[in-house]
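Right after this note come the structures.
Two complexes, one shared chain (chain A), two partners (chain B, chain C).
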Partner chain A sequence: MALVLVWAAELAVFALVVAGILAERPLPLAATGLAIVAAAVGLRLRPGLRRALVAAFVAHRRAALAGGALLALALPLALRASPYWTFVAALALLYVTIGQGLNLQIGTAGVLNLAGAAFAGLGGYSVGLLTVTAGWPAWLAVLAAPWVAVIVGTLLFVPILKTRGHYLALVTIAFVFIFNILMNNFEFTGGPQGIKNIPTLRLFGWPFTAKPSLLGVELPAHANFYYAALVMASLTTLVLRRLHDSWLGLTLNTLRDDEIAARCCGVSITRGKLLAFCIGNFFIGLGGALYAVMVGFVSPPDFDFGYSLVMLSVIIIGGVDSIPGVVLGACLLLPLPERFRFLHEYRLLLYGLVIVVMLLYRPQGLWPAAIRRYR
Partner chain B sequence: MSLLEVKGLTVSFGGLVALDAVDVGVDAGETLGVIGPNGSGKTTLFNALTGLYAAAAGEIRFAGRELAGLEAHAIARLGIARTFQSSRLCLALSAFDNILIGMQAGRRTGLLDSVFRRGKLLAEMGEALERASHLLALFNRDLPARGFERVGQLPQIDRRRVEICRALASRPKLLLLDEPSAGMNPEETAELMRDLQIVREEMPGLSVIVIEHDMFVIEGVSRRVVAFNYGRKIAEGPFAAVAAHPEVREAYLGRETARA
Partner chain C sequence: MPPLELLLQQALNGVMLGVMYALIAVGFTLFFGVLDVIHFSHGDIFMLGAFAGLSALLGLKAAGVAGAALALPLAFAAAMLVTGLVGVAAERVCVKPLARSSPLMTLLATLSLGLVLRESVLIFYPRGADPKPFPQLLPQGGVEVGGVAIRYENLAILAIGFAAMIAVDRIINRTRMGAAIRAVAQDPEAAQMMGVNLDRTVDATFFLGSALAAVAGILSGLYYSEIHFIMGITGGVIGFSAAAIGGLGNVYGAIVGGLLFGVLQTTAAALIPRGSEFRDVVAFAVVMLFLVFKPSGILGEKSVERV
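Entry: the complex of A and B
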């Protein structure tokens, strides 16, 4: 019975999301909007139902995960008429990967890295240079690029990681702008034009520009990247959840909350922050690398400070230090301005507003970090 | 055998000499009481011992090693654990997490185990949680059941206990307690003194230094006492002798007349 409830709830969310994305005419759009509001209000007014749902999801965690995975696999089928929305869905999944990396730094360790865009850019540009200039195959470049983000981050920031307070935030903001200026002016990175014609991914002879078909249904070519991003986001989320629910997460949380207490318990602050910084930058760089092969080119405006803010708002919306929160935050925040085109021009304003409202009224985020239970 | 030997320890902040050529020693298994009026340098002694403050002069030998120049986390790993005068728990984390952090220096699993050998990690975590429960139960049998609650939700006295458990979790050789009864009412203070008795009985080999502001609280806990005033050690010996020492009486009475 509870199992049915879990799957019915997941199916309902899936249906609402797909309807919300695909409804073009005012009437269906309004109907979907009404359904979403009705569902939200219903859950608010019926705490019994809410509790039953939560209990069902807790009791059937594995089944819920399996159901969610199945629906995630099926999403391109539902979106097959729109290559654009398939692309947006893939982008949201890239932001899950990036968000998990950044959340380890900002949320778990309190290392306020506002250079997310630059580290993603290091991954993206590395892919561009390794493929176009050095002639590497795309998959190898995608695997190598995150290490560039890790190494550059380590070399530049080790002296600053030790400082307390907001130095790091200021220095990382400066770093994003410096990164942009450099990319605009270096000859070997293509200046303002960036690097074009990045070859697409090719796995086991399958080029990602070919249209895949699933269950006999032909999907847009971007579905390739959707599935690649889905695998990457799932693996990243699994790895970060395991790291969070282990000595590392515990140590980083402690040094975030009280450095003196942490030191007196034998925690090396430098080592802890450096670990968080490197692991985080790896996944941020990985997201940027896959972005580069997905869109086929990189240029400075793709990695400007605005994207650092997008990444930050993903974390704040979802829930600081919360692994499922990052997934929720990315899946909500990336598609939203795409859906409402009139919002698109004001997207940074929207993100800024969302951050302020969340910090004022729900600082723990939509899906707050849970207590570690080590199981 | 002497576990800790402090000789000529001097700590100053600008022109203020917070500790002035202090000698202190603690034997293995001994409990030493430290008393002294406000600002007499008691906490500064702990901060110097744990590597938070650098000494201007003097030496600190602990278990045969010189501690000068070691970082705080390295000193903690040698076996000195402490609590703080005003609580330094991570209120957003669970009581168990606050205790487990004390055990992380002795962990046997690394990052790769956390990701790829989950069973091994969870087994170790299970043992750690069990030990944390055991430590909590020493002080309050109902506390382990609340171990997964955020520590900020526990009453003041239980938070103090969690902090002591965190210090004990690292299996230290020397435990430093900075005014454990600070902010407690008389009943709670009595309970905490009983808790310290329990620690003594459970861990007979452990050396303890307890700071207490109120010199009569210390009577039940430690046999040997040192008294500070203005950064200098003014008396040392059995409690009765120290309490009767003219300079100690003057330091405390002087404070009381100043207050009146």
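Entry: the complex of A and C
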């Protein structure tokens, strides 16, 4: 019974999301909006239902995850009419990967990193240089590129990691600016034009520009990247979930909460922060690398300070240090502005306002981090 | 090695830029002093000051007030009032409510508030996306001293900038409010017990710092003859860097830091091939080195944490 409830709830969310994305004419649009509002109000007014749902999800965790995975796999089928939305969905999944990396740094370890865009850019530019200039195959470049972000991050930040919040913020902001100026002015990175014609991914002879078909239905070419990003985001989330629950995650939490107390308990601050910083940068760089092969070109404006803020917002909206929160934040924050295209001009303004309001009234995020449970 | 005249010329230009940076940096350092926060939207308040000054000048021109001698002081006053009030509003909405939570929260809130200010100017100012020409109101022309060209315009900018700094020094050291600001910076609780009104002092600090940003904004408009809605990003980062080099919390440190940053930029531009593109890279790199080797800044106090 509870199992049916879980799957029914997941299916309902899936249907609402797809309808919300695809409804164009006024009548379906109004119906979808009403349904979403009704569902929200219903959950608010019927605490019994809410508790039953939570209990069902807790009791059937594996079934819920399996159902969610199945629906995530099926999403391109539902969106097959719109290559654009398939692309947006893939982008949201890239931000899940990036957000998880950043969340490990900021949320778990308290290492403030406002240079997310620059580290994603290091990944993206490395892919561009390795494939276009050095002639590597794309998949090898995507696997190698994150290490560039890790190495550059380590070299630059080892001396500075010891400094506290404000200064680390300043240095990382300055790093984004330096990265942008350098990319704009170096010859070998193509200057303001960036690097064009990055070859697409090719796995076992299957080019990612070809249209795949699933269950006999032809999908847009971007579905390839959707599935690649889905695999990447799931693996990242799984790895970081395990890491967060391990002794290392706990150590990093103590660092974040009280450095002095942590030191007194024998935690090495530099080592912990450096570890979190490197692991985080790896995933941020990985997201940037896949972005480069997905879009096919990289240029400086793709990685400017504004994107650092978008990455941060993903964490804040979802919930700082909350792994499911990051997934929720990315899946809300990336598609929503695309849906409301008529608000496009006001997009960044609204981002800013939403973050301020969130910080003032719900600083723990939409899906707050759960208290650690030890069994 | 470039000739000495060129270096002197660049140093002079550097001081000019440095005066503007210093005015922004003083705001950062004042805010840090009273509330221990970094107010990241300060750069955008600087930008807002430039736009408020431009609007005031255009309005005065339309109203028939001719002559820089009258229009410019009025524009300064108007812009300072606008940014001062916006600064106080920002503090009440975004900074003080979050001051007790983790520094990350204030940082993010003020970064986002800066985004809101920037986008508001972009969207709501007429044709906000374009760079706006700023009227040239300062005397043109100049003299040459020993191969170094000194333009009257630049002298006027220096004079206004230093006048503003001296005024800040007087306010902080010679007035009751200044004493209150210093007291709160030292120890907010003890200051309150001595009868200092904490909220009013914090408001006054934010008004003062933000008004200084408006002075910097108008000076920047006069210097570059152009203002743009994104100028606040670099302005803010440079101002913060300057305050950090000088030692956060120390007003004189901020001034020294601002001047140093300006001189660094212009000498980098003169000494390095294609230096004008890479000048910010050099300047920021020096800032990073500074934070590694002297994290408390030039004039900052070394803080030791006791348990």
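Here is the rule we use: the second predicted complex is superposed on the first by the 373 of 375 C-alpha atoms of A that agree within 3 Å, B and C clash if a C-alpha of one lies under 4 Å from a C-alpha of the other, contacts with A are read in each partner's own complex, and residues count from 1 in each chain.
Please note the rule applied: a contact is a pair of C-beta atoms (placed from the backbone, for glycine too) under 8 Å apart; a residue touches a chain by one contact, two chains touch by 3 or more.
Quantities reported herein were computed from a predicted structural model and do not represent experimental measurements.
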item	value
Partner chain in contact with A:L250 - chain B first, chain C second, else both or neither	first
First (chain B), second (chain C), both or neither touched by A:A66	neither
Touch count on chain A, higher of chain B and chain C	C
Partner chain in contact with A:A2 - chain B first, chain C second, else both or neither	neither
Partner chain(s) touched by A:R373 [first = chain B, second = chain C, both, neither]	first
Partner chain(s) touched by A:I173 [first = chain B, second = chain C, both, neither]	second
First, second, both or neither for A:I260, with chain B first and chain C second	both
Which of chain B and chain C A:L336 touches, first, second, both or neither	neither
Shared contact residues on chain A - chain B and chain C	260, 264
Chain C to chain A touching residues, read off their complex	32, 38, 93-94, 97-98, 101, 103-105, 107-109, 111-116, 119-120, 123, 233-234, 237, 240-241, 244, 248, 274, 277-278, 280-281, 284-285, 287-288, 291-292, 295, 305, 307
Footprint of chain A on chain B - complex, ascending	50-52, 71-74, 76-77, 81-82, 84, 88-94, 97, 100-102, 104-105, 107, 109, 111, 114-115, 118, 121-122, 125-126, 129, 148-150, 166, 170
Touch list for chain A against partner chain B, complex	239, 242-243, 246-248, 250-251, 253-254, 257-258, 260-269, 275, 371-375
Touching residues (chain side chain A, partner chain C) in the complex	106, 110, 112, 114, 156, 159-160, 163, 165-167, 169-171, 173-175, 177-178, 181-182, 184-185, 260, 264, 305-306, 309, 312-313, 316, 320, 345-346, 348-349, 351-353, 355-356, 359-360, 363
